[in-house]
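Across the two complexes that follow, chain A remains constant while its partner is chain B and subsequently chain C.
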Partner chain A sequence: MSDAPSRRDFLVYSGAAIAGVTLGETGRRWLGRMDERAAGWRDRGIETFAVSVCRECLAGCGIRVRLVDGVPVKIDGNPLCPIARGRLCAKGQAALESYFDPDRLLGPAHRIARGGPARWEPLPWKDAVALAADKITRAAGTPDGIVVVAADERGPEAEAWTRVWRAAGARLAWTPQPTAVRLRPRLRHLTGAEADPIFDIEHSSYVLSFGAPLADDWLSGVWAQRSFGRFRRGVASSRGRLVQIDGRRSATARKADEWLAVAPDQQSALAYGIASVLFRENRVDRERLASVAGNLGNFEHQLLTYYTPDNVASETGVPVVTILRMARELVATPRPLVIVEAGASVALVDAVLSLNVLIGAIDRRGGLFGRGDDPLPERDDAAAVLRDVAEGRLRPSVLVFADSSALRALGGPNRPETLAERVPFVISFSPYVDEAAAIADVILPADVPLERWHAMVPAAALGAEVIPVAAPAVKRRLDTRDTGSLLHALAVAIGGPVEAACSWTSSEDLVRAEVKRLATAKRGTPFVTTYETEWMQQLESGGWWAQAADSDAAFSDRVLASGGWVDPYFDAGQLTEALRGGRSLSFPLPEALPSAQIAGRATGADAAAEPPDTRFPIALVAFQPAVAATSGNANLPALFELLGQPDGVPWSLWVEIGSELAERLGVQARTRVRLTSAHASLDVMAVRVEGMPAGVAALSIVPGAQTAGRWSRLIGKDPRRLWGNDPAARACAVQIARI
Partner chain B sequence: MTRTTRRPLSSASRRVTIALALAAACIAALAAASDVTVPLSIELPDNPTAGARVFVEKNCVRCHGLGADEGRIGPDLGRIHFPGTVLDLAGVFWNHAPVMREKMQDLKIVQPHLNPREMADLVAFLTAYRYYLAEVGHSGNPIAGRTVFEGKGCPQCHAMAGAITFDKPGPRLDRYRGQYSAILLAQVMWNHSPEMASVMRGRGMAFPRLTGTQMADLLAYLQAGNVSGRQERVYFEPGSPRRGKELFAAKRCSACHSIAGAGGKGGPDLGTRPRELVGSVSSIAALMWNHSQAMTAEFARRGVPRVTFSGGEMADIIAYLYFVNYANVRARPEHGGVLFVDKCSPCHTLGGGKQVGPDLQTAAGLTDPVAIMSAMWNHSSAMEQELRKHGFPWPRLEPGDAADLTAFLLARRAGK
Partner chain C sequence: MSRWGLVIDLDRCTGCQACVVACKHENNLPFSTPETADVGRLMTWIQLVAADLPGRPMPSSLPLMCQQCDRPPCTDVCPTSATYLNPEGIVAQIYPRCIGCRYCTNACPYAVKIFNWTEPEWPESMAGMRNPDVSARPKGVVEKCTFCHHRLIAARERARVAGRELAPEDYVPACVQICPAEAMTFGDLSDPHSDVAALASGPRAFRWMEELGTQPKVVYLREGE
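Take a look at the complex of A and B:
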């Protein structure tokens, strides 16, 4: 057989070679085209990160925004922020939806006609500001003039807001936030110290909580949850024990070692009952208290007279043995602490703070400290002011809303539209179509938090002084303005003393001025790691301070890049110091047990004189789910998905009832029931909760329902109508019937 | 069972080693006779706290915490009293390198690489650690301070809050409330000590002597009752040992005090009393206060104006006194030679070319003690592997060894 290639071989090889060359060339051209395309892609999908501050509540947690091609795609905690240390709650993560909210206002607008369905038309900024300025100028001379309401925030922007409106002669009112500031007046009354209470949860060994939603959203939500985690992991050498006194089986009650179902208005009786046992069994360190005892003798006498375990047991339904056991447990552990919900009644806050004094928790590791020196100015409660307006006791010519917080408060007017009927002109600065915008005549939409400059005083929770500071994390998406610029534009249009009071042109000016102040403070540091923060704290304890940057400009850059500034020094003896300064303890003297005010019978201070209404045998307690407790946008679908956990009733309101009542009503899982009060009725989903007392039901309240956008409208009616003309009461009497 | 065996050295290496051994033996013999020491040039740090950032960035913080931070793997460095020189600290680093490397492997931490600048900052920080935290951070007891205040007769001249002051020769001390720096008070006490002594003599009082603890308690008492609020706290920036050294000369402290034999006569040699000076600010301040009368008399005798301090000068001086032993390194290069032969020569040569490790005569970057320290640290992992491979134990360095070895290497590299 010949080795020479045959004709067939020649043709096969030639064909293969031609095919190879052809395919190779085709492939090369194809790859070339792909390269050309890829060249265009190289500039796409660029990932960057920017720091900002979460403004969904007053905790002021630092956030880190992930951007792809400048578009925000995810929000996480800023690991350098000493408040949250990289953690973030669901509300913070959902803030992304505020930026992309389809119901955001596109720009300034004015209402076409008053009355009837709201209709607006766009207005150029210049005209919108001129219209608002004209109304404000005219209102300045009228009897009740201008009323301005906003969430109770502190910081340079809030100060600027105050200065401008004071110069305009307006009456300012603020919506109290569920922070430690609300507990401050009672601490001052007890100790004389001008300080916010700081609860050292993580180092305590035993926490007795009176309704404090420690595992949900308490004082400063993420900080509270971090502290709770450390408390449980045994930072103070052993796993801490939590006893939750709560009217409902909240998430905190579920996580507690023990839950006692006691309605909110009975909790102060239980707290005083425990204090009474401490006195009766001589478990109070009298020697330590001797030098600052003040009216301790009267206090003790009052408790021993009225708050015997038997009396308290009959009032609260808590067995005597349980009251005795709790009192003994409280002083048997090395570092006990008693905590309370921020919005609790004055009587309960007083009782809790007094208990902390009796168990020696003041200025003790794992106890209660005080922070701050400057007296805070008294601020009018916006809800009460708006009620006065709605009911005609106050007749302003112009009503200004910075946000909708006052319209969402439980004590606020139940029908916001009455405000529009009573007040000739309403201005809203809210960027969302929310309750305030719904009644506004002109809307001057401010930026949403991701677009804003930030410098604020967060809710007091840590011993450290923290000022979160940040530049805008993203570009402005719509035709909105920052609050500083808005105030400046208004001030210039109004002129005179208002213009003179405005020394800035934008929020950036305000924030940069704040950073400059911090640079000259000669203390603290831009946000740094935990270790460096502790290092600075140790240095400052010894009287040292290490400069963070060589120049003010470098300092400013570091503060803005890290997300804020912190002075970790903490004077852990402020309360003791206040008492050492000649001031004695001033215990509130509790009155005789309010037997007629037990929840489930009636509410209100004068209810004792009235017989209970048998038509409404159930005490309805209102609560705001942690995910819905936001002072910002209330149109966040991601949060509505989380409603009703862990029973799984997303996108709806629900009422929690005990097994006994559920059996009586024939309520199974997810049965709809009708709540009827003396004022209104409401159909909601019922959730059966083991352990709740028979005479109590708990109703969830989601702010902004119906008005705050397309998502919130799906939630349903505003449940506050059930409270009728007694909006300040925390409980109202209802009847519950299966539909 | 596998038995590790030492790899035989090449003939060239053996010759170099023998030569080095002979040289070292000669040097050692001479050293034994003369015990010659040479100073090593170590730069004093300008800002000892700069190393805090290195400590975090290089992940030291993952194993070593602060006093209050419990549950770390490594020891709390603030609790270790280390009065030695910077090179002794380097020796401790070196001795613990294998253990640290093992722990870092367990925690999946990459061994940090330190350049000479970072190493200098880190060792200065570790030296200052105790000064700033363990001592100063634990402030005095104001209640005990009140006892000191009364026991030492201070109320005879000074009034506190609420007291009548017209019959007191000294100023009211309320002004120091809220001034959260012991340095400031120590400076004021030092500056006014002659006047105070004069008044005390006039009243027939003995000049009070204070221990470090008493001084800390007294300062805490004077600071207590911070009624003026957070905003008015006054801090001092941490003193600069480098500036302190310059001040020591400029204020003519060196006219009376010597440092390890170098300087003037009359006062004690501050280089020979490291334990006394490696203490808290208040203990150093107490020392200065107790000796202020003798010093004032000496100033008068020599006809020179008394030294006073202003601004941050006291902080700088005390920082220098704290660091005086840190940079006061005298080494015996001859002993370093012996150590080299014993601990280093199995892997390294000096002029004999690369063996297992590089030739240290020509290796780049080994120009000063800190550079040698950082190179040793950076290569410790590779060195440990080679030593394990060849069955050598990890060479441990006793106090002074690191300095001697460094001096020997630098001398050989300089051709001496």
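Take a look at the complex of A and C:
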């Protein structure tokens, strides 16, 4: 056999060589492509976290946003925030739905024609701002000029808002903070101290609550829930006892060890009745009280004269033996505390604060403290101002809304569309298709909370001073602007003193200026762990302060990275100090029973005081479920699913009625009833509640408007129309019939 | 081997439903409508139910999710082994195996297994908010609480990369993480030193419908003294 390659061998080897080179190249290319794809995979699914601030209510909880590839997918509490401590309520989490809301405004718009169904047309920012500025400039000279409405947020953005509108000559009105309505003014009236009341629920051993929704959304929702949990089981060996006085079976009443069903207008009588028993049975320290209160004798005399257990029992329906027992229980535990709903009547708040003085709860662990602040400026209540506009007593040329909070308030105007009829031009800054946008002529949509810069003063609940601070957590999704830029653009377009009042160009400027101020304050710290916060508190109590960073710039960076700033120092003796001036405590002098004389107008006393109308025998009390009480977006489907639970009525309004009435109407589970007042009628689901007072029903109020977002439209009813022309009254008289 | 369990202190729980929303967002549960809610087809893996508990003057609010039974009636009846008790005590659900017979939903005494009557849908703008760690379940299969099992997988991977053992704080379901009242405690029941084991064997501990012998690993602590 010859060793020379044959023709066949040549073809095989050369073919193999060509195939090898070709396939090798293809293989290399294929591998290269796989490498590229793998590199792409490595850059996908990247998880990051950003801090921000929840703005669904005024509590200002710090939040932590989980982002995957820069897109937010989950919101949790910021573990370093002293308010949230890593936890969050349902509303706070639903802010994620606000960011992605399919019904968010895409950009600025103006109404095509007034009257009829609302129709808008997109407008470039420049034109929208020019239109708004022109109307504002023209309105400046008119009698009632400009009315501007916003939720009472505090902080640099709110100050900028105030400065611009004051310079424009506008009248400002606010949806008030929870403590600002009654608690703070009445505490000042009682003690002379200019301070927010701080209730130390967590360390109390016994809480007597007059309608305070402690387990729902009281003062600062997440703080209240955590306080409740720790009050119950903070220390393994002891458990706090809760007694709830409530007109309805609220979530707090459900959690209480004892629920006493007492209508809101009768609760002050019960509180004074308990105080009267304390005096009768010598369970108060008269010597101590006499040293601080100038009118102790008169107070005692009034109580013992009018608020005998027998009188109070006949007024409230609470048995004498129960009143006696409650008074005795109150002073039999080491750290009792009496709390009250933030919006309760003056009479009830006065009675509750007085009870706290009598039981020695002032400036005591597990008691009531004051947290000092500068005196708050007098502020107009937005709901009252809007009622004046709706009823023609106030005739502004321009009405401006920062948000829809005032239009959702229980005491607000029942028919927002009348505002548009009365006012020639309405401007809305809300980024949502909500009640304000529905009546607006021009919409200048601001960023949603996840897109915003934040620096705000939260609603008072903690002893510590807290300012949550954050940069935008996510990219802006739509054609919106931050509030600072919007105000700047408006101010420049208006010109003159308004432009001169505007020293910033964006919200970032405002927030960075605030952070700079904090850096030079020589107190407090960026958000740190609980342990470090307590250590700082110890230091500051001793007159020391530890600088958190080497430079102001580094300090600012730490504040922004951690989500805020806290000064944990707390003067726990502020109320005592205020009283030390000598007999400066002034007890309210309650008037004689019956309740019509002692309860304030806004508590439902209206219905009780009016002569009974046989057509409408039921007093209907309104309440807002915690998950529905938001000043931000109301188009949040996850929250609508929570309504009416655990009674099984999600996605709907419901009315709670007592067993006697339910029996009479034949109400079983999921029965629909019709509520009829002198002004309107409404069909809702009825829920039977054992122990509810006879002659009283409670109706849920949920933001839901035909003009709002797709989910909000599914609720689609505004039950406040039952109240007709008296929206400030909490109760109205109705007839209930089974459908 | 860990044996995961959850303790819910009803004395602390306020019924705020923060856990319900946390679960919804974490596990990509689609939104309902009034119509679907009306016919009892809310897609929630945790729901608040009214429960008459001894010693309480009125019905309590009980957060109810899959009880992760040690003797689960649902697994016994599954013809395709789509649902089974995994070695760590989690009642798992393999969606591609599920044929939608709903035997398990009928067998579950807690009524916490949910059938997908429709394809899960979100408005277009909301597609981005879905958690990429959790797949959406198609129409025709049964789903339920998994103790956020995807979090366990991720935590275990992170621990492996870091070259250490899984620590108790590494793995926490979304509901436990969010609870504002600090009412939920999660952990390894087989670790006698864990908080969850101590609470689950305490005097206030009880299992919901424990008389059925399902041996749940969700343990409630009763309200009251």
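Operating definition for what follows: the second predicted complex is superposed on the first by the 673 of 739 C-alpha atoms of A that agree within 3 Å, B and C clash if a C-alpha of one lies under 4 Å from a C-alpha of the other, contacts with A are read in each partner's own complex, and residues count from 1 in each chain.
One rule holds in what follows: contacts are C-beta pairs under 8 Å (C-beta built on N, C-alpha and C of every residue); 3 or more make two chains touch, one makes a residue touch a chain.
Just so you know, these numbers come straight off a predicted model, no measurement behind them.
**Q** When the two structures are laid over each other on chain A, which of chain B and chain C touches more residues of chain A?
**A** For chain A, the partner with the higher number of touched residues is C.
**Q** Which partner does A:Arg239 contact after superposing on A: first (chain B), second (chain C), both, neither?
**A** The second partner, chain C, only.
**Q** A:Glu508 contacts which: chain B (first), chain C (second), both, neither?
**A** A:Glu508 contacts neither chain B nor chain C.
**Q** If we overlay the two complexes on their shared chain A, which of chain B and chain C does A:Tyr569 touch? Say first, second, both or neither.
**A** first
**Q** Going by the contact rule set out at the top, does A:Glu159 touch chain B (first), chain C (second), both, or neither?
**A** In the superposition, A:Glu159 touches no partner, neither chain B nor chain C.
**Q** Given the touch rule stated above, what does A:Arg580 touch, chain B (first), chain C (second), both, or neither?
**A** first
**Q** Given the touch rule stated above, what does A:Ala546 touch, chain B (first), chain C (second), both, or neither?
**A** A:Ala546 sits against chain B, while chain C stays out of touch.
**Q** What is the contact status of A:Gln538 with respect to chain B (first) and chain C (second): first, second, both, or neither?
**A** In the superposition, A:Gln538 touches chain B alone.
**Q** Which residues form the common part of the chain A surface touched by chain B and by chain C?
**A** After superposing on chain A, no chain A residue contacts both chain B and chain C.
**Q** If we count contacts the way the header does, which residues on chain A are in touch with chain C in the complex?
**A** 45, 68, 71-77, 86-90, 93-94, 96-97, 99-102, 104, 215-216, 221-222, 225-226, 228-230, 232-233, 239, 249, 251-252, 254-255, 257-259, 626-627, 637-639, 641-642, 645-648, 650-652, 690-691, 710-711, 714
**Q** Applying the document's contact rule, which stretches of chain B touch chain A when the two form their complex?
**A** 47, 49, 52-53, 55-56, 61, 65-66, 68-70, 132-133, 135-137, 139, 180-184, 225-227, 229-231, 233-238, 281
**Q** Where on chain C does chain A make contact in their complex?
**A** Touching chain A from chain C are residues 9, 11-12, 14-18, 20-22, 24-26, 31-34, 37-38, 42, 44, 47-50, 57-62, 123-126, 128-132, 174, 177-183, 223-225.
**Q** Once bound in the complex, which stretches of chain A touch chain B?
**A** Contact set of chain A toward chain B: 235, 372-374, 465, 521-523, 528-529, 531-532, 534-535, 538-547, 567, 569, 571, 577, 580-581.
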